[in-house]
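Across the two complexes that follow, chain A remains constant while its partner is chain B and subsequently chain C.
What follows is the complex of A and B.
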C-alpha cells in the first residue's frame, strides 16, 4: 500500500471511533454535538503520557480512555435531565469550553533540549512515540484496525444481547421503558460513558498517528461530522457509521476528480440520500430485512 | 463603573443583532420542530454575494444591503426546498443532518467565489458616534439597535395581528389541526423561511457592517451564536429570544473587557452550560422541560 492510501485508511479508522461514539449516543436517543471533546481529551492525555512522561503507548491509551470516560460520566450526570436540542447545545457548550480551555494550557517540559507539551494555540507537537519505537505507518494502521474491530465486536455483541434491546428501548421511548421498570438513567449514563471511552480511544490513536495536535482540530465541525456519519450510514447497526465515514473520507478523498468541488458534491449527495432514506442507509428496518434474508439462505 | 455601564451599552447593541438571529431560529424551530443548521451559512453566503459585488462590480453600499439580503433569502429557499420540504415530516433528525450537508456546500461555494480568508465588508452609511456624558455610542451600534427594535416590533405585529401570523402560530401548535382549518402547512413553512431569511439577512448585514470584514467562518459563528442566544432566553418565544440575545451580548462585552479576549467565548459557553444544567428551559419559559419531568415523575 502506498503511504497515501495508508494515511487515508488510518484516518478512516480513527474517525470511525468518534463516529461510533456519536452513534452509541444516538441509539439511546441523545444528539450530541460534543463528542469531539472526548476525542480531544484522549488525544491530549495520551500525548502527555507518552511524550512528556515517556510511558508506553498501552498505558497512555488506558489513561486517555479513563480520563475521557470520567469526563463523560460527569457531563452525562449533569445533563441527565436534558434531551433533544437541549442536550445537543449542552454538549456543544462543554466541548467548546474544553477546546477554548486547551488554547490557554501551556505545560511544557524540556526533553533532549527541546520543549515538549501542550502549548496553547501553538498546539502539541513531537508526540514521537511511533518514531522512537520504529513503528511504520502500516503497523500503526494495523493497531488502529485491531482496536476498531474490538470495539465493533463489543457493539455487535451488545446488539445481540438483552442489553441491546433495552438500550434501543430507552432510545425509542424513554417513558415507556421507564414504565417497564427499566432504569433509564442508568442505561443512558452507561451509554454516555461508553461513548466517551470510544471517542477517547480514537483520540489517543489520532495523537500518535499525526504526532501533532492542536485544540482547533477538535472543533464543532468534527463533532457534527461524526454525528452525520451515523445518520447517513443508518442507526440500525454499528456498521452504519462506518459506511458514513467510508463515503466521506474514503470515497471522496479517493476520487480526485471533484477536487475543489468535493463538499458541493458530497453535500448534495447526502441531502438527496436523506430525502429517499431519512433514517440512513442501514436503518432498523433494512437491517432487520437483511438479517432475515441471511437466516433464510 | 463607567466602564461597566459602557460595556453594558455596547453589549446591548451587539446583543440586539444576536436577538434577531435567535428570533430566526425560534420561528423555524417553533413552526417545524426541526433545527436548521444552515441558517448561519446561508447568511454568510448572502454576505459573500454582497462583498463580491462590492469588490468586483464596485456596488454602492445600498446595493450591497439589497444583494446581501436577497442572497440570503434565495439561499434560504434552496435550503428549505432541499432539506425541509423534500424530507418526510417525521424525519426531524434527517433534516438537521441534511441542513448540515448543505452547510458544507454553501461554505465551498463561498470559498470558490472568493478564495482566501478575510474580505472587507463595506461599512454602513453612517459613521462616527455620539457622546453622551462619559459614554460613547457608535453610530453603527445605534443603527443596529434602532433597526433591531423596529424589526422586533414588526415581527410581533406580523405574528399576532395578521392572518399570516395566526396561520403560522396555528401550524406551530399543530400542523394537522391547522390543515383542517384550511391552512396549508408547507406554504406557511415556506413563507416562514423567507421571513426568517429576511431577518437573518438584515442581522447579518448589521453585524458585518459593524465589523467591516467577512470570512467563511461567519456561518458557523452565526449558527452557534443564534442557537445559544435562543437557548439562553428560552425557546419558543420572541421575548425569550430577544432577552437571550441581549444577555449573550452583555456577557461577551463584559468578559472581554475584564478578562480579555480569550475568555469572551469561553464565558458565553460556560453560562450556556450552567443555564442548561440548572434551568434547562432558559431564563424565560420553563414549560417544555417541566412537562417532560412531570411525565417521568408520574411513572
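What follows is the complex of A and C.
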C-alpha cells in the first residue's frame, strides 16, 4: 500500500469515529455541531500524556476518552432541556469555546532540549509516540481499524439490543417514549457521553497519527462534516456514517478528480440527498428491507 | 383510585381548566366528552404528566402525582393513547408493541443492554398476544407507517394491552374512522380494553361512549358541567346547550 493510500485510509478511519459520534446523537434526535470539541479534547489530552508525560498510548487513549466523556457529561447536563436548533447552537458554541480556549493554552516542558506541549495557535507538535515506538503508518492504520471495528461492534450490539430500540424511541418521538415510561433525558445524556467518548477516541488516534495538532483543526467545518456523514450514509445503521466518510474522503478527496471543487460536490451531494433521501442512503426503511431480504434468503 | 381535585390550567390568558374535580373508582369506565376546546385532552395531559397543573391535585392510589415526570407516571401503571396518532413509524408493528413494554418497571438498564431471557420471552409473548387480540398478527412485520388509519388505531390498543396498565386513557380512539370502523373499535374497547381496567375514554362519537362507558363527564369551556350515567347525561339541558348552543335549545 502506498504512503498516500495509507494516509487516506487512515484518515477515513479516524474521521469515522467523529462521524459515528455525531450519528449516535442524531439517532437520539439531537443535532450536534460540536462533536469536534471532544475530538480535540481527546487529541490534546492524549498528546500531553504520551509526549509530555511519556506514558504509553493505551493509557493516553483511556485518559483522552475519559476527559472527552466527562466534558460530554457536563455539556449534556447543561443542555438537557434543549432540543432542535437550540441544542445545535449550544453545542456549536461549546466547541468554539474549546477551540478558542486551546488557542490560549501554552503549557510546554523541555524534553531533550526541545519544548514540547500545546503552544496556542502554534499548535502541539512532537507527538512522537509513533516514531519512538517504531510503529509504521501501516501498523498505526491497523490500530485505527481494530479500534474502529471494536466501536462498530459495540454500536451494532447496542442497536440489536432493547437498549437500541429505546434509543430509537427517544429519537423517533420523545413525547411518546416518555409516555411509555422511558426517561428521555437520561437516555439522551447517556448517548451524549458515549458519543463524546467515541469522538475522543478518534481524536487520540488523530493526534498520534499526524504527530502535530493545532486548535484550528477542530473547527466548525469538522463538526459539519461529521454530521453530514451520517445524513449522507443513513441513520438506519451504524454503517451509514461510514458510507458518508467513504464517499467524501475515500472518493471525493482520495481520487482527486474534483480537486478544488471537492467541497462544492460534497455540498451538492448533501443537498440532493437531504431532498430525496432525508434520512440518508441506509435509512431505517432500507435497513428493514435488507434485513427482511436476508432473513428470507 | 384516581381523584382529580380542583385542577386548574391556563395557557397564557386562556383558562383551559377551571377547578375540575372528578373522583374515579377502580373499575370505572368513564366517558369524557365536550365540544372542541373544552379541555378534555388538556385534562388527560395534566394527569399523565405532559402538562403541569397551575393548581389542584391528582391523587392516584392516594399519592399526588402532579409534578412527577410523565415516564414516572407511566411506570406507575397509567397508559394513554393520543388524539393525533403517535407511533414509531419506522419500526415494525411488532417492534412498536415490544417498544411499549421497554419502559415497564420489569426492565432496568442492565436488562435492556444484556437482555433477560425470561423477561424478554414474557414480553414477546405478550406482544404477540396483544396483536392477536386486535387482529394485527398478519401485519406484525410491516413498518407501522404503511398501515391504514383503522389498523394504526388498533396498534395503539395493542400497545395498551401489552403494557397491561391499571388505568387507561383513550383519546379519541375512533378519530377519523367511518361509522362501521367506529363500531368495530367500540366492540374492541368493550371486549378487550375495559374489562378489569379503569378506563377514561374521550370521544366525540356519542354512540361509542354510550356503548362502552357506564358514566359520562361533560366538560364545557374548562368547567365540569355534568357527571351522570350515559342515558341521563345527554338529556340534561346544560349538556344539550353546550353541544348545540342556547338558541337551538330554546327553539
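Heads up, the rule we're going with is that the second predicted complex is superposed on the first by the 297 of 297 C-alpha atoms of A that agree within 3 Å, B and C clash if a C-alpha of one lies under 4 Å from a C-alpha of the other, contacts with A are read in each partner's own complex, and residues count from 1 in each chain.
Convention: contacts are C-beta pairs under 8 Å (C-beta built on N, C-alpha and C of every residue); 3 or more make two chains touch, one makes a residue touch a chain.
Computed from a predicted model, the values in this text were never measured in an experiment.
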(message) A:158 in the overlay: touching chain B, chain C, both, or neither? Say first, second, both or neither.
(response) second
(message) One more residue to check, A:82. First (chain B), second (chain C), both or neither?
(response) first
(request) Look at A:231 in the shared chain and tell me whether it touches chain B only, chain C only, both, or neither; answer first, second, both or neither. (result) first
(request) Answer with first, second, both or neither: which of chain B and chain C does A:178 touch in the superposed model? (result) both
(request) Classify the contacts of A:122 with the two partner chains as first (chain B alone), second (chain C alone), both, or neither. (result) neither
(message) In the overlaid three-chain picture, which partner chain does A:3 touch, first (chain B) or second (chain C), both, or neither?
(response) neither
(message) For A:132, using the defined touch cut-off, is the partner it touches chain B, chain C, both, or neither? Pick first, second, both or neither.
(response) neither
(message) I want to verify the contact counts: of chain B and chain C, which reaches more residues of chain A?
(response) B
(request) Could you tell me which stretches of chain A are touched by chain B in one complex and by chain C in the other? (result) 175, 178-179
(message) Under the definition above, what is the set of chain A residues touching chain B in their complex?
(response) 31, 78-79, 81-83, 85-86, 88-90, 92-94, 96-97, 100-101, 103-104, 174-175, 178-179, 220-221, 224, 227-228, 231-232, 260-264, 266-271, 274-275, 278-279
(message) Touching residues of chain B toward chain A in the complex: what are they?
(response) 29, 35, 37, 82-83, 86-88, 91, 93-98, 100-105, 107-109, 112, 220, 224, 227-228, 231, 235, 262, 265-266, 269-270, 272-273, 276-277, 280, 289, 292-293, 295-296, 299
(message) Applying the document's contact rule, which stretches of chain C touch chain A when the two form their complex?
(response) 48, 50, 69-71, 74-75, 79-80, 82, 86-92, 95, 98-100, 102-105, 107, 109, 111-115, 120, 141, 143, 159, 163
(message) Applying the document's contact rule, which stretches of chain A touch chain C when the two form their complex?
(response) 158, 161-163, 165-166, 168-169, 172-173, 175-184, 283-285, 288, 292
